[in-house]
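Shared between the two complexes below is subunit A, which pairs with subunit B and subunit C, respectively.
Here is the complex of A and B:
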């Protein structure tokens, strides 16, 4: 399709209202999804809840391959398919739903910088721990990742994924890092976030933005996911304002919304609670 | 010393299509200018020795099966016939470039007066041969680079490697073939391959990596093939605009299947046959030997050809098939049947019949297609006896349907066209199609349609 035609289609899509049957796709929650995918998926869910856009969560074993970018989660809205938080934020904006409209240019730049920090530090650290730490990869990541497939495809796909992530780590210079250094990086990232948040309810005072959704997705998932060691979650637990930030978003956007909506069951997708 | 004289063959019924190569053999039997020349009429003879000259890598034990019959010859005609058969058998092994037969009177101390020695002078193929060719498949062209090792271990085993770069797909394959000594039709082969295909009618891209082993053997007039195949299939969308139904099928799956195929083929040629019939029955059971695809698939193909007046041929064919999912999982888009296009139901776009979603054809779990064809020579027969004989006029009636077991009445097409036979490999068709019955969603190709391929309905 030509660029003009594609632009036309997205214009048309923008004109359509948010449909009732919008669906978010992610890997199987019980046996397959990994920390990093779970965090990204939760960030998108939190963002959509903050925008008050209803979405049904559907778990598919082949979610990763269904996604146009090869990354989860992705949403299917009308006849559009959009993957990952960044493009989804753009997509909702085109439909007239935005959380960052109230920010000025400086704040918006700052928000983007912090989102980059979270993606570069927390997400990369999650990927590192999942695939480059031998204990985690052999005990958790590879068995979970390959659980929907039968022998010998399960081994082939798991090692293929591990090799792909390790190659990426090589490219960005993380391959030489030790686990302690990675924990240290996470700790520094959390410190930066904690300082920026201070005593405010959200990063930009009273109103949540996509940065809040992203930080919540990652921190909440790390806090509630059991890995081979607790060290990663311990790093976050030392910042009490981040903990209460997670608790606040969980209460406001997940527990209360679920209580409000009668069809709460289909929206339950976040997994374990903080308390 | 005597030499078989060609003259002795004259009164014998040695002509006919089966023995057409005989003339070549006779050329080799040059009369030697010996003082005592004896003309052997159809005498009773004994074949005392059979020599094979020119063997290098080939193990002799394989060849003894092929030439054993020559010893059983009781008279001269028999010797000629059986030597000829043995020569054909040797050539069929695909390990010799040339086989020449020399029949001579026996020599040596134990030579009988009516004893004969038969000598096969063979020239082996090179240890390795390379090839480069361009292929025309079902509406697709590709360039194929091949490497062949005939006779790897000396018993007619063949190892081939092929790399093909095509207009739609790039693929490679490695195969090892071993016939049972003495029974070339009973053979065993192992294949390793990677095939990438793009299917624009479904907005689907499929990459298969697989291994298969198969055994072929004849029983009476039928040929059977038993096969196990393990394939890792990777499906993906061809474009971002692919329908969601196709997107849902994306991802990896593993198919491990056992299949059986039976073929009876009495046609005189696979391309534009003049007489004979073909029956092909294929069944595949997947899921019992591992993998995550479980289904039972049955399909058949029947073709009957009958010669009419003025070199016309009437041909009728029927195809059909059914796919049953085993267990709760629905069938995969990669396993379902597709129908339509110039090689199956003419008058429709390629594989554009049956269930679809947003313009992407999803295939069906059952199908049938029938065709009635009348092939006649060109009107007024231009180029008769030469180039013109490659062409045929073609009148036909096609009908078919593809569905998920509860779909309605099928689409039909009625058409006329001209067919060109391309050597013995493929056929090209230029048809004018008038679709007579169509269902909503099917993509028709009204008017002129061009088709090239090997397998035709």
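Here is the complex of A and C:
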């Protein structure tokens, strides 16, 4: 979003309280959504639950095209549409809900830095594994991505997306990496996160922040998604404090809230769990 | 044959190749000597990076990162400052050429290779500081690097007056005619792909968006650095190298239009951080940069080029006139006739006239 549009949206946002019918859109859960999109979507859901803001999850095949920035997930609140975690955090902040108000300047700098670390390494690694590894790409990513469409559109869209992602990998210097190197990078990233988390319940002591939501989204999705090989989830399982961190957030924000609310489980549950 | 200019060079070159010695080419620094060759000794790896300017050891952010890290870690590298990326072992700069393991290209790969050779500037860091390093490097790459590339390569005024001029002056003929614009296209594509926005073009909106992130990143770095000399303790680490590599070009290169530069100068601790590293680890370059301000300022350059400009104008006018004259002569538009002497012809004609008169 451009700066002027952002400022306008924040002004509009501040005017109204959070409505009851806020909706989050993502691709189809069972057949279409891919690892990276699922992780981003779960991160946003976790963040909104941490802020205690109710949101309904709606799965659409063309969610990617509905989104204003082309990326999923996006939320439809009142008469505004906001996509991606960063702008959504700012949007909720404009409405008066924020998780990182209690942090001082140095901590805020660290939080932003670690969020960029997750985006830079974990998200990029997920995209690499999905689209640049030939096995995964042909067995999982392309069939899933193009499942709502008929021939020949499914082939065209799938290859177009693959080509775009490979160009991006080229531009940021990941094209020359082998799969082992990517796993190694993921391991380094998890080690950094594990070091930062230490024995605390959340990254910034007692209260969760958007960093916790983002890390949870990615780690949980990797742990519960079946790929062609288990190596990625094995890398994460070797860090026990990250596992217990994911478990804790799942129990606190997903299972308890599901038990409390009486609405249909299919909307709020994520399907697989860590147990 | 012995006095033919190229003979001795050719002679030595053939001997060298017969003895199978490795020949390393040292371009620009060796000035006017046309044939330069040297024998590569064993052990130290070689680092190829962009030349320096404006008081910096190199004008390219990636090369600066690697140079700074090498100095911090005390790695004994043989540094080649070149201005022709086609001469590097991997085709792009910076590049590290090791004896046994081939060549490496990007800053993080080069740093990993140096660490493998036991030159590690992060040795003293605790585990948490190592994690913070990774996080802040990601922050730099996601939030500051796109804006830096935009400012240097995509912003029209900066590109034409500073970047393209420097590259055209410093890259050797004939590459200086097409390499800068090719590099510009590559950098624009890189920014577009990094931001995930295909429609990003040079313009105010893109600039504002990128600068917003970059300003926030600089503020965060400034808050994290506080009043310390380096980011972690008293000795510099790889994070310091990355921050230096990204901020020093913004500080030192004189850009005609840059709000990033002004904001960075207002952050005093980052300013003194960069100047500190320059004076401690690159004293030669900073002295040269201070001693030669005239050649690097854009105002001074007009006057410096003035005599050459006049000479070039005069030469071009003369060449044009000569070309036109020769064309005219060759095609016969203008013909120079030789007029023979007046007297005999005049005599003959007068006699003929008399004769004719007599006949009539």
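Details
Quick note on the criterion: the second predicted complex is superposed on the first by the 261 of 275 C-alpha atoms of A that agree within 3 Å, B and C clash if a C-alpha of one lies under 4 Å from a C-alpha of the other, contacts with A are read in each partner's own complex, and residues count from 1 in each chain.
The working rule: a residue touches a chain if its C-beta (ideal position, glycine included) is under 8 Å from a C-beta of that chain, and two chains touch if they have at least 3 such contacts.
Fair warning: this is a prediction, and the values are worked out from it, not measured in the lab.
Bringing the complexes onto one copy of subunit A puts subunit B beside subunit C with no clash. Look at A:149: by the touch rule set out above, it reaches subunit B but stays clear of subunit C.
Contacts of A:196 after superposition: subunit C is touched, whereas subunit B is not reached. Of the two partner chains, neither subunit B nor subunit C is touched by A:28. In the superposition on chain A, A:59 makes contact with neither subunit B nor subunit C. When both complexes are overlaid on chain A, the residue A:103 reaches neither subunit B nor subunit C. After overlaying the two complexes on the shared chain, residue contacts for A:94 are found with neither subunit B nor subunit C. Once the two structures are overlaid, the count of subunit A residues touched is higher for C than for its counterpart among subunit B and subunit C. Rounded to the nearest 10, the angle at the Cα centre of subunit A between subunit B and subunit C in the chain-A superposition is 80°.
The minimum CA-CA separation between subunit B and subunit C in the overlaid arrangement is 14 Å, rounded to the whole angstrom. Overlap of the subunit B and subunit C interfaces on subunit A: none, as no residue is touched by both. The residues of subunit B lying in touch with subunit A in their complex are 232, 235-237, 239-241, 244, 247-248, 250-254, 290-292, 358.
Only residues 2-3, 69-71, 105-106, 108-110, 112-114, 116-117, 119-121, 167-168, 170-173, 188-189, 191-193, 195-196, 198 of subunit A touch subunit C when the two sit together in their complex. Listing the residues of subunit A that touch subunit B in their complex gives 1, 60-62, 64-66, 68, 76, 79, 81, 148-151, 153, 156-157. Contact residues on subunit C toward subunit A in their complex (touch as defined above): 106, 127-128, 130-132, 134-136, 138-139, 141-143, 189-190, 193-194, 196, 205, 208-209, 212, 216, 220-221, 223-224, 226.
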